[in-house]
Amino acid sequence: MSEMITHVEEHRDDEASKLGMWLFIFTELLLFGGLFLVYSIFRAEYPLAFHESSLELSVTIGAINTIVLLFSSMTIAMALTAIQKNDQKRALIFIGITLFCAAIFLVNKYFEWGHKFEMKLYPGSPLMPLLGRGYLLYFSLYFFMTGLHALHIIIGMTLLVVCYFKVKSKNINSKDYVLLENGALYWHLVDLIWIFLFPLMYLIS
Amino acid sequence: MFSNASNFVQGVDSAFFIITGISVFFLVTLTATMIFFVVKYNKKKGKPAIQIKDNSLLEITWITIPMILVLYMFYIGWQGFLPMRQAPKDAMQVKAIGSMWKWTFEYAGNKQSYTLVLPINKPVKVNLVSTDVLHGFFIPAFRIKEDVVPKKHNYSWFIPGQLGDFDLFCTVYCGVSHSYMSAIVRIVNQQDYDKWIAALPVKKANTNSGHAVLEKNGCIACHSLDGSKSVGPTFKGLSGSKVDVTTNGAPRKVTADDAYIKTSIHEPNKDVVVGYPQGLMKSYKGLITDKDIEQINEYLKTLK
Amino acid sequence: MANNTTHTTEYRVLAKILLVLMFLTFLTISITSFHLGAFTVTVALLIAGVKGFLVLSYFMHLKYESLLLRILVGMVFVLFIVIVLITFIDYAYR
Amino acid sequence: MITATEKTEYVSYLDHKGKYKGIFAWIFATDHKRIGLLYMYAIMSFFFIGAFLGLLMKIELIAPGETIMKPQTYNGVFTLHGILMIFMVVIPGLSAVFGNFFLPILIGAKDVAFPKLNRFSWWIFIAGSIMAIASQLLKDGPPDTGWTFYAPYSTTTGTNVIMATAAAFVLGFSSILTGLNFIVTIHQMRAPGMKFFNMPLFPWALYATAWIQLLATPIVGITLLMLIA
Amino acid sequence: MILPAMGVITEIIPTFCQRQIYGYKAVAISSLAIAGVGFLVWGHHMYTSGMSEQARWFFSLLTFIVAVPSAIKVFNWISTMYRGSIDVKPPFLYAISFIFLFIIGGTTGLLLGSVATNVQVHDTSFVVAHFHYIIFGGMGFAFFAAIHYWLPKMYGRMYNFKIAYIAWGINFVGFNLLYFPQFIIGVEGMPRRYFDYPPQFQPMQIVSSIGGFILISGLILMVYNLVQGVRKGAPAPANPWHGSTLEWQIPSPPSLENFDEEPEIKKNPYDYK
């Protein structure tokens, strides 16, 4: 294979994987979009139950989590900036902060869920059939959507941990940082979903 | 040209014939052209192919013509359909109840029948109700069909125009005996109808609360109350009897006491009665409360 | 660095965006704590939309991406809105 | 310009010796042509199972009443026929087999944009298919809802509907990844000088299909999930 | 999902007519149009489910509109045959029977799309027949066309033509016998997914079942022929059909990375001779 072709293909690879990442983000957005649609249909059907159920959620924890996620989203964007400026040390710090924020988010989520379980507010609990179908739907959706979101956080964290070590071993550098870029894109997606999840689940009542 | 079994036959059938006519015309001409080309420009004739690129005028023609035709077909279809959703206010009201797997028709004055008997030339509005899952209310001869959706109001209306018996089918797949969920629609003269409705007994309400629980949860669809064999074992004489069951593949005999009935509701696939397939019933754990089960047990004891 | 056309966003810009986002979050929380009925939903979703737009265009660098990608992202959102509208038109009238 | 004359070192993809031997040379292949053939073998087998089930239904329907099977079996048979044919034959069908094999060739590329992802989607496809078939054989009996899983009937039957829906979900994921791969391939891997309107029409059709797969599958997936809820 | 099938047919027809496709851009853009509108027509499956009038109107219209780009494609295929030099080989036979079956499937689709007639035929075996004409007659036959067309390229071997013609004949007859009667009983009111049915439908059911047996024997014969071709068929040349797209310019079967050199790209996609 000639030298020229190799060069051309490397050039294209980065663009390709970024485009691929974006396409994947589209499907993710529509997946959650579909869930939002389901949510709004059931909400229209059982307005009262949804209203009362959403009062059970703690706005404080939700708000803290929102801020934590927004902050982490910024730090990961900064990590990318740092890499682009060939500043390895700062990049590592920023990725570290992001991972730390993600951990805080999950811990918060753990306490929030634990509280729900204590109050027997989960699908399949003995309390649920007594509350009626609207409540059951609300909490099913709540656990499913936040659960799916938490799953995305974990996937995103794994991706960022990989990025962290690759930055450390200089496999990600100012010349080749498409993996970090994609990881960051994914992390922003997680943030983006939460931006919509938070008001819908916690605030509107 | 059209039968006048109901007032919709003409609208639906004329739409049907026009669309079919256009379709057949296209099918025949296009196929004929295709075969003609295959023969005429066959390679065996040895003529070389002539390259022709596109011709905008031709392209636009065959975008426009189908477009117009399609819009026309849409229009007549819409015209045929419109009256179906506009039931006259003075129409006679009948309630059709679809449940697994039978149709029940309720007339004014709490009268119930399993055959839909209607007077000729009189508009009827059929209110469709489902007690369990989706069903379909379909009378082919009348050209009407509506889905019967649980917990939602839906209706159908028509003016029967011909005496005789017609088939009524369920068109939405609803389980094992879906294909047996049919009924007869009988169109009679006004006098015969009056006579028939007068003879129809008023429905006796079953006030037993256990019975109500069974009905509400759709148990009776599969478990008969009169001893006949259905999808599942009958309830008649069940309470206290000895039952042959298969537990984890091993046959054994159990007494159908209260505990057995509770297990059967919570874990229907644990003890499966011999002669019935496994997996047909889902667990009702969490759907029927312990209190309801007590009432069911009380009621079953009365079924001897 | 011919193989990557990504724009480098300065730290300062990112920090500013974060401040705006935080502000919007508090705005949503305070607005929804008044009971304004159907209005609340609209405002909350509107603010969420603005936040989403900011995240997309600055954090995700969409502002500096190729036109193709921007059109695609726009189309996905338009598509989603169309689906929502269809569902609700159907839902509202049945 | 490449001519059909064979070069001395020309080795066809079928004879190529890679890292793996025997059957693993296929299962671990990243070559789009081998993956295309893998899809073809799988899909043809499912097609014949499906066709056989269809034949069983036709035998049953040859006369009114019970001919060779019970109603419950019949319902299971047409459900399995639908699931097999729709999710495992028709939806992947042409695009996975011939799209994989010929898309890169038609646009003058060496392979698809993400060969490993391509192999991964085949694995997922097989995993989903195994789940779909397993849902028929496990102890609660085959689902009897038809391939559209009409709610609310599907929520009241005691059969393995959840497993079957999950299988459809997994298969959908596979087709999303394939669609994604094709779109990126068409955008980024065209041979130098080939514009969009220089592509043959088969890639065009695949391009349009890939977008549908990418955008419609998540929504369909959600509606499936709604049925479980 | 019919789109790739149309794509395959658009490749096969020009090759066997020795002509380039008529109206390249129209075909390409109609693909996108079908994809766009097709995305929104899922609603036509739920007419009778008591959906709102507005929504019924909307979905019916969309369903009709899909017909237009499909019709454009059919017209373009047929005019590609005009003044060509047509070489009737198995892939071409499958391709034109695809067009035939697709027209039937498509026009019966119009009957389903029209709200009035939909009420009559929805959820009957008419739908089953329509569905199979589109999916099996369309997708399936396009799949068979594609196998017959590209098999020499994939394996570098050729199958037996005579058996391929016979298998095609059996498939075509069997297919129509199997599904056409279902249109008739569908209009008469036979609901789908019925295990049992009233006796007036029996004659057509028998015809249909016989068609089923014929079709499956044709399929078995076809696959047998293809497998034999792969195992011990005569070696196939690089370009057996005198095709004019890129894939025929490389050896059969292709090498691992398809092109040993960067291919030269021509302005017209059908100029590689």
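Letters are used for the chains, namely A, B, C, D and E, taken in the order the chains are written, and counting of residues starts over at 1 for each.
Operating definition for what follows: contacts are C-beta pairs under 8 Å (C-beta built on N, C-alpha and C of every residue); 3 or more make two chains touch, one makes a residue touch a chain.
Predicted, not measured: the structure shown is a model, and the values here were computed from it.
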Message = Hopping along touching chains only, can you work out the least number of steps from chain A to chain C?
response = 1
Task = Quick one: how many steps at least from chain B to chain C, stepping chain to touching chain?
result = 2
Task = Could you let me know which interface, D-E or A-D, is made of more C-beta pairs in contact?
result = D-E
Task = Taking the mean of all protein CA atoms as the centre, name the chain whose own CA mean is closest to it.
result = D
Query = Distance-wise, how many Å sit between the C-alpha centres of chain B and chain D, to the nearest whole number?
reply = 33
Message = Based only on mean CA positions, could you tell me how far chain A sits from chain B in angstrom?
response = 44
Task = Would you mind listing the residues of chain E that make contact with two or more other chains?
result = 24-25, 39, 50, 53, 193, 195-198, 262
Message = Please output the residue numbers of chain C that touch at least 2 other chains, ranges allowed.
response = 76, 79, 83, 91
Request  = Identify all positions of chain D at which a residue touches two or more other chains, and write them in rising order.
outcome  = 71, 75, 146, 187, 192, 215, 219
Task = Could you please specify the touching residues of chain D with respect to chain E in the complex?
result = 1-4, 6-7, 10-14, 16, 31, 33, 36-37, 44, 48, 51-52, 54-55, 58-66, 71, 74-75, 78, 85, 90-91, 93-95, 97-99, 101-102, 104-111, 146, 148, 191-194, 197-209, 211-212, 215-216
Remark   = chain D residues touching chain B in their complex are 71-72, 75, 139-141, 144-146, 150-153, 156-160
Remark   = Listed in rising order, chain A residues that touch chain D in their complex are 8, 12, 15-17, 19-20, 23-24, 26-28, 30-31, 33-35, 37-38, 137, 140-141, 144
Message = Which residues of chain A touch chain C once you look at their complex with the stated criterion?
response = 10-11, 14, 19, 22, 26, 29-30, 33, 37, 40-41, 44, 59, 63, 66-67, 70-71, 73-74, 77-78, 80-81, 84-85, 174-178, 181, 184-185, 188, 191-192, 195-196, 198-200, 203-205
Request  = Flag every residue of chain B that touches chain E in the complex, lowest number first.
outcome  = 11-12, 15-16, 19-20, 22-24, 26-27, 30-31, 33-34, 37-38, 41-43, 47-54, 58-59, 62-63, 66-67, 70-71, 73-74, 76-81, 84-85, 134, 136, 138, 140-141, 143-147, 149, 152, 154, 167, 169-173, 178-180, 182
